[in-house]
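What follows is a group of structures, each given as structure tokens.
Below are two complexes that have chain A in common, paired first with chain B and then with chain C.
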Partner chain A sequence: MTKEDAVRLARAIVEVKERTVLCSVCFNIGMGERCAICADERRDGSVVCVVEDPRDIVAVERTREFRGRYHVLGGALSPIDGIGPEQIRVRELLARLEPEHVAEVILCTNPNLEGEATAMYLARLLKPLGLHVTRIASGLPVGGDLEYADELTLGRALEGRREAAT
Partner chain B sequence: MTLYRDEGVVLRTVRLGEADRIVTLATPGHGKVRAVAKGVRRTKSRIGARLEPLSHVTMLCWHGRELDVVTQSEVLGSPKSLRGDLDRLVPAMTMLEIVDQVAVERQPMPELFAMLVGALRTLATSESRLVLAGFCWKLLSVEGVAPVVAACARCGGPDPLVAFDPGEGGMLCRACRRGQAVAAETVDLVRRIVGGDLRRVLEEGPHDADSEVERLALLAVERHLERRLRTTRHLLEAGTAGV
Partner chain C sequence: MVSGENGAGKTSMLEAIAYGSALRSFRNSPRESLVRTGASSATVRMEVTDGSHRSLVEIGIAPPARDQVLRNKQRVLRAQELLETVRTTIFTPDDMALVKAGPQERRDFLDDLAVSARPRLLPVRQAVERVLRQRNVLLRQAGGRETRDVAATLDVWDDQLARAGSELTEARETLVAELLPLASSAFVRLTNLEQGLGLEYRRSYDGDLAGALAARRGEDLRRQMTTAGPHRDELLVASGGLDARTRLSQGRQRCVTLALRLGAHAVVGMRAGVPPVLLLDDAFSELDDTTARALVAELPLGQAILTTAGPLPPGARPDAVVELRGGRIVA
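Now for the complex of A and B:
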């Protein structure tokens, strides 16, 4: 790489970084007010897949099994570390349900203890509102992170989703 | 560096770099242990499932200066029923939070460890709501701050005891009452728990005073730790009170 190339690359990175913002609807990483998925009219807005991290959206999109929209919590419940419901975007999720006519919420948090706790907490909160609340199937190795799951396993887990436990 | 072997219950884990985690464990022989587990975040890693909070494991570790390193670990128990039910998981996580607060690095704690393992096992099968409360009251005894329940904590006077004040260290009579008012059944249950009758209390099925006994136990532990318990404050009211 020549020095000019390096400078050009550095500028490009800075530019991407400056233009990258969190989607105001789902908190995915995007380039504008709304991310590409929220802006896409063909996506089914009645199904929302709740994930912990924008990288999990990439993992779920790779499966090509899901045509709904997303909600990024920005973490998982871990009270021992001071992360309660107010520290992740639970309120923001609740605020989306009515205006977007959400009918199903898929809880796609990591298959570890914090992810399970988050899923059960959300299920307890959402089910009384009359929503269909599902949890991705097991088959994902316990203790792993979603973003490292291969698309086949994750695709099956999404397909085989079941009623969420509370 | 030296190798050592111990049992442990995983209290918490945090991410370290791309795929590693720092795991905090309660152990009987080495107190609180903080150790690096490599590669555990990859879903194909087999060590990952073992080093999850609540898992009871045996492990082989290298002693390090700042952090130890887990080289091997095997699961002794990781009760599924705790993970799949919020009403069991919240008390379990609360126990982990309490032990994380009282355990000290490199300071053996065989009694506390045995209590934790026993309480988690009971929690997985018992229908009683008093498993967490029982753990809390017994923990205070192990910590040397057993609540005064036999007579009034202030004047030593006899029954009826009608109030509980963690600052006074126990139950209080009518003349001395302050803090929380308590039912006679609550006094009786706490007496039996502290006195070694916990097993029978748990087997009896629900008592009217169960929630009061639990609330007082958490208050007493919070007083001892000099901080609020985050797990119960954040999650115990889940679903009933909403966000």
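Now for the complex of A and C:
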């Protein structure tokens, strides 16, 4: 790589970094005010899949099983890490429900202890509002796993989602 | 038999074998300390033969990353699968803590036994430990006040604790019932006494755990700790009506420890269909001649690996002797 190439590459990285912002609707990573998924009119706005991290969106998208929209919490309940309901975007999720006519919320938090606790917390909050709240079917037991689910298990988990426990 | 001077690496060798069966150090060493100073990672590699079935187990330890576990070069995704591959029972001279120390030692003993006998309880045990940490931190953060957020999040942690905690407690109780006759008869043979052992599992709450957590929420918030649950239960051990921890002689306490280990070994062997590998780390050094002989006679069939810095225990006839020096096998 010549020196000019290196400089060009560095500029490109800076540019991407500067233009990358969080979507103002779902908090996915995007290049503008709204991310590509929120901007896509063909997506079904009545179903929202709640994930912990933008990387989880990539994983769910790869399964090609889901045509709704997302909401990124930015974490899971974990007092050890100082994360309570205020630190994950719960209020922002609640604010989306009415204007976007959301009918179903799929809780796609990680299949570990904190992810399960977060899912249960949200289910208890959302169900009384008359929403259909589902949880991805986890093929893995809580905790003790050395690795998380791969795409295939995630696809099956989405398909086999069931009424969330409260 | 593994011989060598103190510091030759005998215990580390047993620790490696035990780690390969439980992904946990029997010395309760943090994972960081399993890696030699100056090195970035450690590897445990072992060939396990079970009847005609052979497997190669390889574990890469490089904290803070998760352990990389391979069985026959295939990645093992769940730790419990490894537990089903190889099981171990360990005897050490520090074992007296099992009888003499506080209730935590005996809870750990039961949980180690539970996981070894039923590997699917591993995630349950881990969930209990983790949810307790989360709940206790939340109680401290709350500072005695039950705001709406505190109440709503406590609700979900309580639910997780009630589910995992009840499962662990029931498993412990079942195992205590299985352990009792086996440990008791081993104790009788080791001591030549008529009195066997008494074991009683005592819960820290009445009724179901979910109800107890709800009933004690006020107290838990005030004391900023979880006052009911498997982490507060006790395993009481007695012989002839005397509490083993406070009322038995040192010699008797040692026999209680050995009897509990032998009993646990037998429980796991029955559950798994094959006896675990026995690891005896300098286990005879503190025993008088009679007890040492009785223990050798009690040692069940199956493989036993024992370390010693001195002579062979009386009556032991090893199939192979390995000598360690400076962390290497020299003979």
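Things worth noting here:
To be clear about the criterion, the second predicted complex is superposed on the first by the 156 of 166 C-alpha atoms of A that agree within 3 Å, B and C clash if a C-alpha of one lies under 4 Å from a C-alpha of the other, contacts with A are read in each partner's own complex, and residues count from 1 in each chain.
What we mean here is this: a contact is a pair of C-beta atoms (placed from the backbone, for glycine too) under 8 Å apart; a residue touches a chain by one contact, two chains touch by 3 or more.
Quick caveat, the model's predicted, so the values are computed rather than measured.
When the two complexes are overlaid, the chain among chain B and chain C that reaches more residues of chain A is B. Of the two partner chains placed by superposition, chain B and chain C are both touched by A:Ser78.
In the superposition on chain A, A:Leu125 makes contact with both chain B and chain C. In the overlay built on the shared chain, the residue A:Leu94 is in contact with chain B alone; chain C does not reach it. Using the contact criterion defined above for the overlaid structures, shared-chain residue A:Ile57 touches neither chain B nor chain C, since it reaches no partner.
Of the two partner chains placed by the overlay, chain B and chain C both lie in contact with A:Ala117. Of the two partner chains placed by superposition, A:Val48 touches none, neither chain B nor chain C. When both complexes are overlaid on chain A, the residue A:Val133 reaches neither chain B nor chain C. Judged by the document's definition of touching, chain A residues 77-80, 82, 84-86, 113-114, 116-117, 120-121, 124-125, 140-146 lie at the interface with chain B and also at the interface with chain C.
Within the complex formed with chain A, the residues of chain C that make contact are 66-67, 69, 75-80, 120, 122-124, 126-127, 130-131, 133-135, 137-138, 141, 149, 152-153, 155-157, 159-160, 164.
Residue ranges of chain A in contact with chain C, taken from their complex: 77-80, 82, 84-86, 113-114, 116-118, 120-121, 124-125, 140-147.
Of all residues in chain A, only 77-82, 84-86, 90-91, 94, 112-114, 116-117, 120-121, 124-125, 128, 140-146, 148-150, 153, 165-166 touch chain B in the complex they form. Residues 11-12, 14, 19, 40-45, 48-54, 83-86, 89, 93, 96-97, 100, 230-231, 233-235, 238-239, 242-243 of chain B are the ones that touch chain A when the two sit in their complex.
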